[in-house]
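Should a chain be cited, it is by its letter among A, B, C and D, assigned in written order, with residues numbered from 1 in that chain.
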């Protein structure tokens, strides 16, 4: 048996905290090896050790049978190891080419030979079917393309072993499909791959073997063909996990939220939402399915008051909230779980307790007049931490930054739900979370629904939309092209709708009538 | 802050070792002697200007009376900022110096306060006036010296254009300005005089640009009263001279003899002359009076041309005799009171 | 070792290391370090006069430090404290002498208020430019520092009819207090220290107790999240800058109504604003920390005056020491690592 | 003055004033591009000014007029070495970079004056015998209009500054080194994963800032004041930082901004001799350069974006 990588008994400590304890992972040549574990289990840490970003306290690493010390990423590159990180490692204001050649730039007379580099990259991207524009700036391209750039970075350096840390967390289903194809192509070209993902479906689909770690300890390695998602989940969490969130029938009552002919432009003044109509009733979850970039962000920003509305009308509980300030809208009864929890959801430098007050700091009982009551805030924070099972180091005084993504997300949801809004907008609420956390968040959304609230769920993941929503509105090119019920539709049909296909068909049909 | 005027020196005869270096501090002079000390403003005793001149006077007095530096003899303290004046004055009084000088117009308030708090102390204030019985005020008629500088400049100018570069626009500098203009106009009523207050005493770049602008427009002689800013005037003039031997550019220095500042090379110097302000002589004068029990407390002593308090430095041949004669002529008229020089700069140029 | 102990040890060790470096430099330069530090100590604590003046020196540093710290806490770098302080200085002096016939209980607060308003206005410009026109606050404030210097100089000139200082503030507006002077042997200690201490509490209160402070901090740390939470980001930026300017302006009032009793023309920046940056950083941008930072900074600065006086050592040595202390405090990370290792070794034994 | 005379005076003066700003501003730019705030350039300029003047005074006897080159070189080295304090504190010890810069400025000002007192026994040096001097560029200076405007009164340091500006642009935007240094200032972790030694690049960036600010300080001292004292540099380092921000962290932008300052400063000081301008009250002229800058920034320059990671210590593995 030929192993290209062997990590034997790896131990990595941060201070007194053991992130990896005696973990073993063996990668066969030409296989796709999945690495599975809960948030904070130590997956990224293990891979960072392999890539030379961290030095292990104990253990041995063998590459192609030879024992090596990977002191820094340079060394990893030399050994043919490339890594696509969980958070992209791209310089935003560099071009694709610049990002790829950084550190091993081809030169002509001392100057960077951008032209030749771009040509090489174009050739490489053709060979592996990784479509990129060599001259585009990173900040201008889609997440999917950014990921392709990341992959090209490793290939450009001649990597034979590729590590993917949660590559699908921020991709659209289409992009995920493409990525899976690319992975298989890479294997065909003789590469070996380690992939971290929380999505068991993907593991089942693409991997050959799976290594599972739990709380920093290796649980074992299984052959994909000989296992199933339930077993994997159990190995990962240490108990049985329910996938499909338990959900009763919805009892929608009166219409509470209504969007009429909404038109919104983006920062370049290009129309992104083009006459959109939507309504939500109390006691129902409406999921918005769609491919990223079809106006979802603009839609959310418009209804929460963060972006100017060009025309149209938004009402909540009969009250016209069109063009109101964010605060006025929140006050009317809107809760919002933002898409980017770091950027918009939290003040990372505040303790988690202070973050709980972010929407309500100016109101009794959190404050009296202009005086904050931090005792009350902390009390409330403790309540939410307890209720939502937010795992913190030092309770409400833990800096938000020090929480894992899943726990940050739980805190945000706790904060928003606690305000008891009539409408809860949840944008990509489970991105990057492990199955346990996902399950928890989903059941909270459903709980809201059952309390008679309206929930608007925006997600790129069909699974999530199908499982959680009571009604699915498909967004395409700035309008809702169709509304379907999860039970009456299939992923297939949704996919077509999201790609704008069915609409045409329907339109033709309607035209014929 | 304000090193009031100017700068300039004959660095050769400045004793280089009156530094703050500690070795000589604690020497004790024979007690019973009359001891004096001074507080500089932010310039310091080597500012090539009136602080330095005052310190020379203090040392002179010390030498004349067989005193040595330190307790019971003579000493100084330097101020880093306006906030230090009180403390420095007070520190010296506590060390029992018999007479303490405050140098510079900025020190007026501090002297007044210290004088009121210490009615038995004897203080002297240079360049400003306060009302206190135990303070001897020392003023100079800068305008009279500047008048002579104006006479020289107007007489020597070939282009009929001369310039004045000032530091901050304050009364002391205005006196230089006023005298210079009156002197120049006395010789040549049609002379064009460019005036530039740079607004700072410590930015040579500004002095340099100001001088450049003046020389570029045909000015051939610049009188400066701008402290460190004036360094820029010298460097501009020297540069022009270095580049073109025939360039007709001159600077008139201020306060001390600024001949050294004008040295271009071994044979060339662009310092026409300097307007001297005899702070050193005034210090010796007042200290001697005090020692003899004639301390002019509560009075203001003004040093003008008549008292040899101001004057022109040796021009080392740069100024022809006939001009020197003319200067002498005016000097007498001013000293005798026949010509009275204004202290106020002309309104609106 | 517990975190709290480490947090206390880091500045302490820094101070010790700074003094050590200073001592080494003195010895290498041929001075007597023991004499030097004795002089420094005496300069700070030697007698009631020194203590009084040390406190007086600390006062504006506290306020300048608060100004910088407040801005930092709200995500802004106020390098313009210097200019705001000058504006406050002038405003306090003007109100202090120009408005007659008011009782002290009204006049003094009014003069303080004027200073606060002037400083606030000057800082408001910076905040406004940043919030509305995306002008980087660092350039805007550097430029406004110079602008303030020249503007206040021109204003003082015209207020004093061509002189260099405004009239002395009236009795009804002064911060001077005879009792404070009496107990400190006529030092220039004034009531300003009380104002400064009150402002320490005010800053703490605003930031830690009020909803506004919560908003300001949120905007400072994460504009986007603040906007999502319905806060008006632009208004908060402007407000943060303006409040910072209030502290700076009051710093100017300390000088105008306490130390100098007037405003006079400055040939260069006062330096207090820049020192305020160091103070804020020494104090970790925390109001209580600023108080200690200013105390350390002000004591060393003031005590340094006694080094040339008593030991003949240039006072620059103290600035070197302060800079080294700041560097060590800033490099706290490495000290912490060292302490942790040290702590472990001890535990191990 | 005639219009032409005015121009012939303004342009060379503006260049003179701008020269140290260009050098220092671009120095600061290298530091910030590498992710370390350049606030310490004021102090580095002071070190350069002191070193330049000291060498010039001490070695004039040995080298004659050529001593200026030795002085500039020494200032370059002194600046680079002194900047190591920033590098060690900010990069290795992860110190707050603003603090480090402020402390360095204080340290530089104190140490240089302390040394002057120690060496010369007084608070300022004598004037140097070999200041930097203007010269004419042969042939070019004979070109009508442009000759007197640009080529008749040139300082070697101005030429150096222009070369540095263009060179910096080339290095930063065309060479591997520049790509790497910028990557470290934008996204050090990305650079790290690409095998770039973040600490090393930051050290280099800081030391380039020290070297250029050192030359800038020396050139300032040797052209304008001719001596060294505590007030020789007097805030020019901060103006240089302003120029760098004004120039949007771009070498040619910095060059433009520095020239703009030079022009505004010249207009304000020389304005007294220029028709129309001479009727403006002096205080307006004095504040003109500063107000113009603010107006320019507010009016049309727009938002400047600092290198993303500037001011943030890089700690491996930290998010």
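As a convention for this text, a contact is a pair of C-beta atoms (placed from the backbone, for glycine too) under 8 Å apart; a residue touches a chain by one contact, two chains touch by 3 or more.
By chain, UniProt protein names: A = Galactose/methyl galactoside import ATP-binding protein MglA; C = Beta-methylgalactoside transporter inner membrane component.
Keep in mind that this is a model prediction, so the values were computed, not measured.
Contact tally for B-C versus C-D: the pair with more C-beta pairs in contact is C-D. Inter-chain spacing, taken between the CA centroids of chain B and chain C, is 35 Å. Here the CA centre of chain C is 28 Å from the CA centre of chain D. The centroid of the Cα atoms in chain A and the matching centroid in chain D are 46 Å apart.
Each chain gets a centre from the mean of its Cα atoms; for chain A and chain C, those two points are 47 Å apart. Shared interface positions of chain D, i.e. residues touching 2 or more other chains, are given as 117-118, 231, 234, 282, 286. Counting partners per residue, chain C has 150, 153, 268, 314 as the residues that reach two or more other chains. Residues of chain A found to touch two or more other chains are absent. Every pair of chains that touch is listed here: A-C, A-D, B-C, B-D, C-D. Listing the residues of chain D that touch chain B in their complex gives 1, 5, 8-9, 12-13, 16-17, 117-118, 120-124, 126-127, 129, 131, 133-136, 220, 223-227, 229, 231-232, 234, 236, 265-266, 269-270, 272-273, 282, 286. Every residue of chain C that touches chain D in the complex is listed here, in rising order: 25, 29, 77, 79, 129, 133-136, 138-140, 142-144, 146-147, 150-151, 153-154, 268-269, 274, 277-278, 281, 314, 316-320, 322-324, 326-327, 329-334. Those residues of chain A lying in contact with chain C across their complex are 304-306, 325-328, 330, 336, 338, 343-350, 354, 357-359, 361-362, 367, 370-372.
For chain C in complex with chain A, the residues that touch the partner chain are 209-215, 217-218, 221-222, 224-231. Chain C contributes residues 30-32, 35, 49, 53, 57, 150, 153, 157, 162-165, 168, 186, 188, 259-262, 264-268, 270-271, 302, 305-306, 308-309, 311-315 to its touches with chain B in the complex.
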